[in-house]
Structure formats: C-alpha cells, structure tokens
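Going by the order they are written in, the chains are A, B and C; count residues from 1 in each one.
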C-alpha cells in the first residue's frame, strides 16, 4: 500500500465576484495514505475549507469554480467524473464531516432515519436492514442505548452526540478517506477529546485516510501523522508532525506557533504577534504572499514567487530562505 | 445618502418606482397649472356626459366637470392621504413598538393587547363606522387610517426591538450607564429606521388603495375630488351600461399606476438598504463570467466547473 | 495581603422557567449557583470553564447587567449590589466590559467616534471638542489610526473592531475591566496582538482584569489567579501555577488532560506524562436539573456515596495557601 489513496495535484479554485476572482486555492498539492492522518492547518480564509470542498466537488457554483488541477482517488480523477458518478464517490469512497453538526443534520428527521438513509444511498439493502445497521453504527461511534437514541431528533441531542451521528453517517459505507473540516471547533474541550479519540479509533479499525482541517496546533500534535500549513491559498510548509512542530522552518509557521499560548508556559509569557493581516485574495501580492508580514523578508521575496521545495527528510517548504532553521 | 440614491437609480425596479412616484407628485403639485379646468370651480362647467373630444380629452362627468382635470386634481387627495397616513402610521407604530419592545412589562402588555383587538376587528366595517361617526373630511380619513394602521407597524417593530435588545452593542450601552431613553434613541431607532422607511412607503401605497376603496363605497370626503370618488360616480351613474369607459378606466389606471410606482420604490428601497438580499441580475452576470472561465477549464482538460450542482 | 478591588460572595443568578397555560414557574435554571472569589487590585483573575458553566452569566451579574438573585458584590470597598438605579448608573464608570463578538458589540450604524465617545456623552463628560480629543487619544492608545474615527465598523477587520471595543471600555478610565472571551472570535495570529495590547494597557493604566475564556492555555497565560467553573459553581480557585501544576479537583484534572497536545511543547519532550487522567465520559448535565450533592459526581472517577447526597454541597478545603477546592475527596 505505498501509493497514497488520495492525491491532489496543483488544485486551483476560484470564487468569482463582481470585482474579479478570489484565488481561494492557488496550486495546492497534497497526498493522504490509508491509515494516516494529514492535518491541514491555517487560519480563516487561507483556503483549507475550499480545498476540502473542491476535493468533494461541493463548491457552490456559481460563484465557485475549480479552474484546474487533478484530484486522484486511487488513480481516478474525480474532477472528470460526471455528477451521478461523483455522487457515488461522495459518502462511498470519500466522506466529509463538518464543523456545525446542528446545521448539517436535518432537524425534521430522526437521527436513526438519517443514518439509515446514508446507508441506503450506497448499499442495496432493505429498509429494515438499513435501520438495523444504523443502530449498529450508532453503537460503534459510542452512543449509549443506540436503539433508543436512534429515535431522537437532532435538537434532543448534545453537540458531542450530534457530531458522533455525523461520523456514523460518514462511515456508513466504509469510505477510504474521511475529510473532517474543523470537527471539534464548536465543541467543549472535554467533548473534543472524546471525538478526536473516536476518529482515531475508527481510522485504525477501517484503515481510513483522514484529512483533518483545523486551526489548532494542539489538535495537530495530538492526532496528525503529517501536517501541511496553508497561507493565502497555498501550502507553505509540509512535513511529519513531530519534526515540523519541533523545528518549524517557514517564518509563518514559526510565527503562528509562537503566537499560540501553551499550557506548559508559565503565566505572563509574552506571545509573539505576527504583524499585519492576511492578504486580500482578490489581488494577492506578487512574489511571496507572506512577505509583507515576514520579519525575514528580503527584496527578492517580494518579486519572485517561491515554489514548494523539498528540504530532505520528508519536509517541503515554500520560502526563498528555506532551509534556515532556528 | 448619495450612495443609496445612486444604487436605487441603478436598480431596475427602483428606477421605475422613482420615475412614477416623482411624476405623480409633480402632477399633483402642478395641478393648477397643467389641468385645463378647475373641478372645484363651480363656474367652470361644460356640457354634461360628453365623450372624449376636443376641449375635453377625457370627456365630462354627470355634472359637466372635465374628467382630465379631475384626474389631475385627484392625485392630490390620494397623495396627501397616502403619504400623510404613511408617515403618521409609521411614526406612531414605531413609537409604540419601540416602547413596548424595549420597556416590556405593563406598557408592553397594554400596547400589545390593544394591537390584538385592532387585528381582530374587521377593518373595513370599522372604517365605515368611524367615517360615519367622525365625518368624512379627508383629514378625518387620515386619522381613521392611522388609528387602524399603527398596530401592524408596532407589532413588527416590537419583534425587531426584542431581538435588538439582547445584541451586544445594546448591552454595552447599558454597561456604560446609558438610560433607556438614550438607548432607544441612539441604538434601537437607528437600527430599525430602514425597516420604518420601507414600511412607510409600502403603507402609503396600501392607504391609497384603501382610501380609493372607501371613496368608491361612498364613504369618502364628498367635497374632495378623488379617484375613488370618480369610480363611485361611475358606478352610481351606471357608466359601463352606457359604454362610458372614460369614466372608469382613467381613475382605475391612475390608482394602479401610482400604487405600483410606490410599491416598486418600496421594494427596491428594501433591497438597497438590506444588501444581504441577492439580486437576480447579479447572478446572471456571474453566470456569463462562469461560462467564460469554463472555457478556460475545458482547455485545461477539466470536465465541469465548480463540480457541484449549479443553481437553476 | 494585597488589596482586593472586587469581592464576590456567594453570588447566585437563577432564571425561572415558565410553562403551562398560566405561565407558572415550573423550574429554575441555576446559571450561577453561589460563587465567591476576590480580585486583587492591578491583577488579572481568570475565569475558566466549558460552555454552559455560567462564566458569562457571572460576568453580567457582577456588573449588574442582570440582577443577582442573591449574594453580595463589594467593589472598591463599597457595596455594589445594594446601589440604587441612579447610583448604579454613575458607578458604572468604574467597571467596564469587553465583549466576545467584535461584529455584534459595535453598532453598525454608528461611526467609530460615536461608539467610543458614547460613555462620555451618556455621562456628559467634557465638551464636544474635549470628547473628540479623548477619542483621538484612545484610538492612539489601542493602536488604531486617528482617521478611523469617522469610519464605520464594517470597514474594519475583527481584530481592529475589538480594539475599538477596548477603546470604548477605556473611555471612562475604569478600575476594573471584565473581558468576556475577548479573542475567541479572532484569528489565531490576531489573538496575540490583542492579548499583548491588553497586557500593555494593564501596565500603563493599572487596570484590574477579570479574564473569561474556555481556552485553558489562554487563561493560564493571562491570569496569575484563576477560578474553574462547572455548572454554576466554582470548583477550584487559586494561583494559576498551583491550580494547573497540582490540580486538586478531578474536573480540573480532566480539563487539563483534555487540552490537546498539552505535552508536545514541553521542553523535556517527555510525552508519556501528557495524559495523567482518563478522559471524561458523558455530557455536561443540564443546568435545569443539576445533580444532587456535588454537581460533578456523575462524571467523577473518584465519586463516593456521600458525594451524591442531596442538599449536601461538597466541602470547601484549602489545600495550599490561597488554593481552594470544593471537593469531598480532592486529589493529592
């Protein structure tokens, strides 16, 4: 199993507006293996959600548009599939779970019904069998008294339970890849810990690849094998979690990590703050997109656009000064 | 202010609304100069029941008054009653709605129960009853309409105020030590004013129809020249029986066009003041652009744009 | 003994739940159910806890934006909870609040100058020109350009709007500022800017803060003193180094253990000690029906029969100087 299950090559996605296209995803390439978790980290507006939606071809169109690139699932380019074929892939081979389970679940149907519906879309079984499987799935995601809870409506459940239901629906057809877009951001920290454990456990059981989107480096440290950092629609650094967190190379990654308060630091530790704000993706800066905020920028940084280059031992960095580690 | 005006002009319905409304207002103001005769002047009477012809482009009515002149002067009654009532209803409704919503308690209960009563009682019969009792001079009509119309505005404003009350900037104002009066003026009123303006314009349109209806039923001001009254006279004079379309169609069309103009203006105002509502035209421009870029995508070898379900 | 600027004693805020045809009271939501703590002058007291624990309600009740059901609030030596409406209005100049959502805490139809000067206008402080000058000074203090005064909130980013909110809070030179999740709605790289600003202002103006957040690392970073809330109760209070270093309450332990990646940043890279306690199972009970006895007992790994006795709240123990715990069997 050396070939990665999901490969994204040079994905470019735009959002068209009256003032021109927003370059939401600008040449993103990544790969997810089965049994491995890749974390996609970045702040709001960096393009991580847009990347995930592009992979699933769920970009609302208009105003969104996947302009170029390839998304290969076990060799098949998903961007070339017809819509009916893509529907089979969604939920069947790749599933996605979202941040807000309350808005992703239909409030007028019971939870059991929705899970059974997810099963029926992909497996040709009778409705009764689907209901039975739904209860089993609810049990598998750790919901107590699953037969009884299957008759509940989403508003009768807590946020953590709703997220478990979403996970059950996503796993109904044993997908090869699970995309989780900020699955725990809306949850309390104790519930978050339960959900992350659940995802990790299910990943091992099903040998799934997981693409986890988050802005929290703590979560990355806890669950991810590899991590890719995004900024302004591009991946700026990528590598194995342990190495990258210990020794971040790209100035943005370094700045971001230093600006986050950590439990181990004593009270009163000053936090590093990155000057300025994220660039406007309608008219991104020429050259390196981080240069206007970078403390180490040189003149060529504003003129030449740096490419993502390997620095050996599995690390890739998009920086003209790449390779300088502190 | 300028920004709103220019956006309104560019909005297709806005432009229509502005043109019609402005035209009607100008006609009403300039009536003494553009109308060929003065329908209030008893001295100016022509031959009775003339069909359209030279000297009287729309003919004359049963008393020899020129119909075209009545049409022009009729705009005054409609506009005065409509706009004045629109303003009064909005002001009164806003005042009571804000007080009920923000202060709650006894004031709220009192005002809301009064609204409930006004909603339950059938409007038209009550209007007729009041008109009979209070007289039908047009300023009485304004009073009656205001008395019946404020309830809808108050209720709508009250629910807006209830949701505004818990917004952080109102809480912030309280935490700074502001008195309720200050908050109601500076924060609540300012926030609901777009709603009030739109409501005012649409109310005016509605009142014009109601006034015409009242006059048509014979309960309008007998001394005033109004479009509704022209329809009333047409009906009691059996105009259609005699084929006298020029008694019926001009006032009916006038009411329709004026109200239509006001409503277009009101709806466009609502869209312009509430930029969240997407407009159809924006989408069609986007789709043209989509098609252009899809061409790029095809050249690069990609099957379909966006990848998901297209809208429409 | 440092001087306490704020002393909260047994503060409670209950909301009646009405139901039925005649709007009878069918239950009570005990949002804040008897909390007591002191805030030292010039220091920061951190209030941490998960959603629904009552920390935001506590903040509003302390400021009397919601009237306390019972309990007392002593501010600057005076009984704040007993003040009449007019006295309260005037006293508001000393205690201000910074809100979580920079998008809804500023009136979108007011200019920045109008927003920041509102406290001054409400209390008739200064002439028009003096107010304008003060607004300009405050904009400078929070790091915004002076031309921001005539612009509207929608023209600014989240971080900048939060600065406007801070400027408004400073307008009347308060002694105490309650910051209710001031950076939770902001981007990660902007948070540090705002936090550093808050720290700078505290030094510059001698401010006292109550810092509320659900992010434990954040609260720890900003607050030398901390209180952990659960279901309307303060389960543990004390110096943050103590509380986080040797947590005495099982909930505090579980909370610390649940923070993801806690051990990864340790200099000693010893990740085997990252998870000292088993993760918490189940969900937070509803504040409408809190468990009898100790509110935490259904999820507590150390619960014993006497923890569940109705009407018997857990014992309050001082496990170390200044470090208090509400637990019958605190962790050693």
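What we mean here is this: a residue touches a chain if its C-beta (ideal position, glycine included) is under 8 Å from a C-beta of that chain, and two chains touch if they have at least 3 such contacts.
What you see is a predicted model, and the numbers here were worked out from it, not measured in a lab.
Participant: Removing chain B only, and moving nothing else, give me the connected sets of chains.
Facilitator: one piece
Participant: What are the two chains with the most C-beta pairs touching?
Facilitator: Top-ranked chain pair by contact count is A-C.
Participant: Go ahead and note the Å separation of the Cα centroids belonging to chain A and chain B.
Facilitator: Between these chains, centre-to-centre, one finds 51 Å.
Participant: What whole-number Å value describes the gap between the mean CA coordinates of chain B and chain C?
Facilitator: Averaging C-alpha atoms per chain gives centres 49 Å apart.
Participant: Using mean C-alpha positions as chain centres, tell me how far chain A is from chain C in Å, no decimals.
Facilitator: 32
Participant: Name, in rising order, each residue of chain C that touches chain B in their complex.
Facilitator: Those in contact with chain B are residues 60, 63, 65, 88-90, 92-93, 95-97, 99-101, 104-107, 109-110, 115, 118-119, 122-123, 165, 168, 172.
Participant: Going by the contact rule at the top, pick out the chain C residues touching chain A in the complex.
Facilitator: 50-51, 157, 159, 187-193, 195-196, 199, 214-218, 220-224, 240-241, 244, 254-267, 269, 279-281, 283-284
Participant: Which residues, counting only chain B, touch chain C once they are in their complex?
Facilitator: The contact residues of chain B facing chain C are 167-169, 171-179, 182, 186-187, 190-191.
Participant: Give every residue of chain A touching chain C within the complex, in rising order.
Facilitator: Residues in contact with chain C: 43-44, 158, 160-161, 188-194, 196-197, 215-223, 245-246, 255-256, 259-274, 277-278.
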